[in-house]
Amino acid sequence: MPVTLLLFASIAEKAGRRRIEMDLRDGDTVHSVCERLLLDYPHLRPFFPRLMFAINEEYARDDALVPPGATLALIPPVSGG
Amino acid sequence: MPVTLLLFASIAEKAGRRRIEMDLRDGDTVHSVCERLLLDYPHLRPFFPRLMFAINEEYARDDALVPPGATLALIPPVSGG
Amino acid sequence: MLIRVTEQPLKPDEAVAAVTRAEAGAVVVFLGVVRNNNLGRTVNHLVYDAYPSMAEKVLATIASEARDRFSLGDCAILHRTGRLEIGEASLLVAVSAGHRVAAFEAAHWLVDEVKKRVPVWKKEVWSDGESWIEGPESLGLQQTPASLR
Amino acid sequence: MLIRVTEQPLKPDEAVAAVTRAEAGAVVVFLGVVRNNNLGRTVNHLVYDAYPSMAEKVLATIASEARDRFSLGDCAILHRTGRLEIGEASLLVAVSAGHRVAAFEAAHWLVDEVKKRVPVWKKEVWSDGESWIEGPESLGLQQTPASLR
């Protein structure tokens, strides 16, 4: 079961894409998925200190387990309104 | 030169009219004009403790002089909004 | 500055358009709406009386004071008169400002001042009677000599 | 409860109608409007990105919290996305309540929470460049392990 990463705004522009499919491994957390993402996209690292995360449309900590088939959103500081 | 009294809301309903013309005398104040009004409309007296007044569309104290040709409004406590 | 006392329905879109400015990032609108109850009594409808020419002058004064006090972009105040049904708007205040704190404060202040100062009166009509409301927020009572009491 | 993330223009009249209740005497509307300047720079237009499905969930959560907290009649929150020109509304919040104090407080609180929590982002476009804005009012930074920094 893959995990689907969603990217928005600044980080989506930098990555050149809004959606990335990745394999999921046993025990994967937000953190471990992101570490593997950064192997392929090392230029995204500067965004991470300010990112929030959401799993299946709910805010989640970076030590949260990522369930099979999840959607994991990388959320820069919001600026709506 | 007469003075035109304008009545609104509760006091207009009680008087049965919204407009009353009266003669003006030298030195007339809001107070003295109202005293003469009450000779003809004694049943309006209960309204006076709560009335405000306006001369030519500006709030005025009851010791203000009433100029010739003025419009004098009798203003119950307002309840707009 | 849009100031109006009118028998016509009040339109939020019109007031928003009237106060929108390129340099103002926040617009706040207040509508006073006819409620179906007041102080425990069921209200059928309201009737508003006004001294329209003076009411518009007082509204313009209040609007000018607000612009100085809150550094507003612009503001609009409209009051409806005549018979109003439940759910209809009797008062519409709209303001624009650079930022939201000023816009909220100004709109709230304007509504408070309208209720204190503007020569407009409401009559509540119930199923079994009616009464002119003497606003608890009206300006302090005029000093009235004992002879008139 | 009207909750919507949309590319279409936001209409105050529609939101007011959506929240108006027979027992609610006060309606307050807030519009966040695109300004022609920010932090001293001239803004040409804005582009809003969003995570629409999650944004609508978060808006609904905020709206429910507001209804409990302020005993509201109802509330509406709409956020626009895509390209917005100067003077266009990006955010529309509308609430109804029995009385005005609750309505003003609730509307202000809702706007604050939208700016903290809802996954929406704005890009400022100037004559000579552009930049995604990282909201100073965004939720506190996530704890991120040193290895990701």
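Letters A, B, C and D name the chains as they come in the text, with residue numbers starting at 1 for each one.
Just so we're on the same page, a residue touches a chain if its C-beta (ideal position, glycine included) is under 8 Å from a C-beta of that chain, and two chains touch if they have at least 3 such contacts.
Bear in mind that the values here come from a model prediction, so they are computed numbers and not experimental data.
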item	value
Co-neighbours of chain D and chain B - touch as defined	C
Chain C omitted: connectivity of the other chains: A, D | B
item	value
Where chain C and chain D are represented by their mean Cα positions, the distance between them in whole Å	26
Inter-chain centre distance, chain A versus chain C - centres from mean C-alpha coordinates, in Å	50
Inter-chain centre distance, chain A versus chain D - centres from mean C-alpha coordinates, in Å	24
Chain centre separation in whole Å, for chain B relative to chain A (CA means)	74
Overlap residues in chain B, where contacts from two or more other chains coincide	none
In chain D, residues with contacts to at least two other chains	32, 111
Residues of chain A that touch chain D when the two form their complex	6, 8-10, 12-13, 31, 34-35, 38, 45, 48-54, 57-59, 61-62, 73, 75-81
Residues of chain D defined as touching chain C within the complex	11-13, 16, 20-37, 86-87, 89, 96, 98, 100, 103-104, 107-108, 111
Residue ranges of chain D in contact with chain A within the complex	32, 48-51, 53-55, 57, 79, 90-91, 111, 114-123, 132-135, 137-139, 141-145, 147-149
